[in-house]
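Below, chain A partners chain B and then partners chain C, in two separate complexes.
Take a look at the complex of A and B:
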């Protein structure tokens, strides 16, 4: 495997920043998953693709648009009709899917080197993300495991809620550094820690 | 202005791209009917009221949508997937328009 270099490397400064005298309300980190895949089903083949995802990852997709789930190491969520993002801490997930998603079912696209995964956690995670994206981050509207596709200016972002106050944001690798810097600025007022 | 995407739910209009008048009918590519091509390229109903439009949720699920928008009030009375045969396969958002 090609050794990957993080686009955040020059700007990721571990430690506490901003207004943290009264505590840290945001924790930022790069999760660096080994595999990030996009799966797409042809019209009418969606149920088959969902069962393939279950077989390969062990993750069941709840019904409904944007539904998803995570077990900590692996995550999956719908981001468009018949389309899913599947993430694994380990590399090589694409080969597990390559044989299972037959040409009759749909397609597999390996985006592992094309996306950067940023985790924002803490009691003010909803508050900070709401400054970026015009979507409802409240838990009843955006349950744990669910995914959303949206944009911050022209930076396309896929967001999965992986905990009550934790979100994983997938952005284009080429935009990741500027997005990270913006996220840091937005977190300054509440105090943030980079891990 | 909010557009309720059948997949994503209500989203700001900034997430969408206007793809043009939804009333046009494109002639077959080999057609030499100049009147039909002329109508496709130039003729518009330009109604003061409900208007059929094609939008893409470009900053979201990227689906192409059929939208009925009132040109006087901007009220949107209907949003569906443009690809009709995909409707049955799509997993609709609970409470979303279908």
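Take a look at the complex of A and C:
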């Protein structure tokens, strides 16, 4: 099988960068999931869709806007009313959902190529992300598993907290290189490592 | 030892010597010094020249309100003017220069302006620029001539021209409680809220937390107030739920409890850390704000009150207690309140001689008399300072008997020898942020000050901000504010023990001493008491007009020193009490803000780059990239020595003769899914989509609601309920918004989801007579013959092992196919197509050739769908369905939109065989000297390799009726005039035989 090409290829330089002499406070990586799907329910069908998501992925979504869950290999979070992003390390998740999400429940849209997943982790992850987004990243306000839709200048971004000090940011593929460079730039002052 | 540095005292680090320069002279100071304190310690008293009169000025204050000692800081080639010396922390290598002087600070030719005092009074510009007549230069023209000289003579510092290489960043922050100011009130408020578990931000504009505790000389809980402040700040530092922001000025209070702050991160550092921004702009969203911003001491207005050596009393106290610096050896004080007595005692203890305390009040309390006695100062009660003496430094002052009730002076003037005069005109709470946040401030007669307005947003005041000037009051205020901010109720607490000097905070209502000479109200703008009265005489009776006419309290000063004295003088002139005159509304920013911090960092200069999956291939293979909105697209793939025109002509010609391939990944792509998707598209497009078969595509046109053309593109039916809509590159976002608006607001009952999938797909359009053969050579899993893949048909197959979706459609006019694959495979498929095309002479082509071929075909793009044209104007009326309504159908037949004289799409051919220009006008009668009567304009132009002519598309009145007629292109801006022929917009293959094959 042909390997997918990352838009970050020429700019993803593994190693320590910025002000890292005293250690790094940020770790940046591209997670390259095999599947990134958007699931959307018709009004009133949200709970059925959540049930389908649980059946297919094993992930139980909490109630409420922006709720989400992750088990490391698979992640899901609500990013808009009745709309969810589902991510899997493996390819082929779209076919698993294609039959399960009936036309009466909603739609499935494959965005596996269209979004780039960037992981920012480390004790200064909240600090660096606060430079980009007007979002409260504190753990009580943004718990592990939860997701947010937001924008940095012209770049639409979905963010899921996948650990106490870890966030996965999904951006449009075409913007990914610019966003990555900006993220590296913003991480310089605290020292960062690219993995 | 510096001449004015005391042997002991102060909170500076005397073991660390810092070297810096001012106006080229080298000085030393200590870590913890400001530029002002270090220069004062070195005996420097002259800091700058005033705005208008170029009067010598010293340092008036010790903080952010400094109006006089404004300097320019140089860092390499970068110069930053108008920085208060009182706010600059010195570092090794600091280079500062004075400003608004020539040739030097001590000998300034601009000082001649002092002779023109009457001419340069309030309203100088308004009056003068009406302008006299000087020979041929009349009125404003004359003054435009003078502008250069006036600009040089007036003003403050000069901005630099070198690019600022420093970094500036924006930070977003959220908290339960933002505490602004870290004096005793702010510190305790922050502690109270923090102890309750709230998320707290404490912002302090100075480098150290503590505010007045750092220099008051008081004792709190049996320790020096400064130590108490440091201990309390240290306690806060140990909490996870508090963020301490020193060197951070909260400068704006906006709706929704959003506040703007500027953190000066590296201004005090010789060498900033790697990646460290110079300034951070903090956008803070706080549930509640505690305003503990303290108060400003007011100057008194009297002749010569701006002479170097005249200073606010608390500032001198601060220099002595915080920096170990004496501003003079023989110090006199002039006051209308008790607070100056504490300053006198502090300076006496620091080693100065207090020669006199001049107090406008005839009767003084025993406590004040006792303090004066301890300071060994002569008391001159019921007196006022009527003049100061000296040149660029104070040498003495004159006092006279003063009747506080009438303001009258009497008796002979007495001279007092002094090298420093401290003044205190009472205290004004720093209510700027509260004023920005809402209601009008209220006058307090006892304190002779405006107190904060009633909150209109969620803020709570504390301490001197509330007019509670005593430290115990401030601490109690702070605790209550901190608890209230988090909705907690206070439990009884032991009062802190405070040791402080006695003093009544109520000043005498005296603001000005009327005597001969210039008495300054606003030092930064050279506004005198007489200017205020002049404004009144000239009819400016509103305080808002007064401000604008005189410039009182404008710019970075924002009335910190001048507001109350100015109002008081205006009130007296009007014969009204101060509260009736009112005060101006303070505006953000509270103090100067770097433009860099507001812009913060936008990566890649201004905007993010949007790259197609094949971007790197294009660059590696010689493409000249072109910014199309945020996208970067190949313009040409130029060969060595080729011009742009030669390159695109070659590319277009080769495509028409064999085949060409172009990256079309930038086209907007929207997944339209759901049971009502077909119905939705019928409403959105002017033509029918519900009849489109699965596996087919159709060209569609959208109108705006007002009936004008909006966008066009093909939409592919991939399944019964699954469409892939393509839009123009430029309009992708707008179309998406358009669709979402109609689904969310107008037709929420439709079960349709729209999703941007532009980035999901890489797209390559391959066209030309050999295109089909090339595809056949590399495609597996499907045939591409006419039967399998007819025009507007869709097939799926694989290229080089990658699944692809192919639609046969054409923008170039040739037989062409759009090949889509997952974006991650884009380069792989592209390379396979290019490789397969080599035996067939396939070329890669860019936007220029694409544009050329579409012009030859007469296809429209955004240049023609320009927001002013209708479907009929563009000859797309065949797409307007009569069987169904659609967006825009109700409005498209309005009289103005079907008028016969509308501009219509036509083609033009240059008859002089010279290039045409986009935007050039078309006229029937050529008049190069006086171009007139345009009948339309050119929208797009090129050299057509197919026709061998320079051609263009144009929007022309009459349109089709003019086909075959002649006219002229008239382009005076580019001096291009010449004959043209008006023809059909379909220059090439008008029957479409090449495309349909």
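One rule holds in what follows: the second predicted complex is superposed on the first by the 193 of 195 C-alpha atoms of A that agree within 3 Å, B and C clash if a C-alpha of one lies under 4 Å from a C-alpha of the other, contacts with A are read in each partner's own complex, and residues count from 1 in each chain.
The working rule: contacts are C-beta pairs under 8 Å (C-beta built on N, C-alpha and C of every residue); 3 or more make two chains touch, one makes a residue touch a chain.
The model shown is predicted, which means the values in this text are computed figures rather than measured ones.
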Partner chain in contact with A:65 - chain B first, chain C second, else both or neither: first
Larger contact residue set on chain A - chain B or chain C: C
Partner chain in contact with A:109 - chain B first, chain C second, else both or neither: second
Which of chain B and chain C A:2 touches, first, second, both or neither: second
First, second, both or neither for A:40, with chain B first and chain C second: second
Partner chain(s) touched by A:80 [first = chain B, second = chain C, both, neither]: first
First (chain B), second (chain C), both or neither touched by A:177: second
Which superposed partner A:189 touches (first chain B, second chain C, both, neither): second
Chain B versus chain C as contact partner of A:135, first or second or both or neither: both
Touching partner for A:149 - first (chain B), second (chain C), both, neither: first
Shared chain A surface residues [contacts with chain B and with chain C]: 43, 134-135
Of all residues in chain A, those that touch chain C in their complex: 1-2, 4-7, 9-10, 18-19, 38, 40, 42-43, 103, 106-107, 109-115, 130-131, 133-136, 138, 141, 153-155, 172-175, 177-179, 181-182, 185-190
Chain A partner contacts - residues on chain C that touch it in the complex: 169-174, 199, 273-277, 283, 285, 601-604, 607-613, 616, 630-631, 665, 671, 673-675, 721, 748, 751, 753, 755-762, 800-802, 822-828
Residues of chain B that touch chain A when the two form their complex: 7-9, 11-12, 14-15, 59-63, 81, 83, 85-86, 88-94, 96
Chain B contact footprint on chain A (complex, rising order): 41, 43-46, 63-67, 78-83, 134-135, 148-151, 156
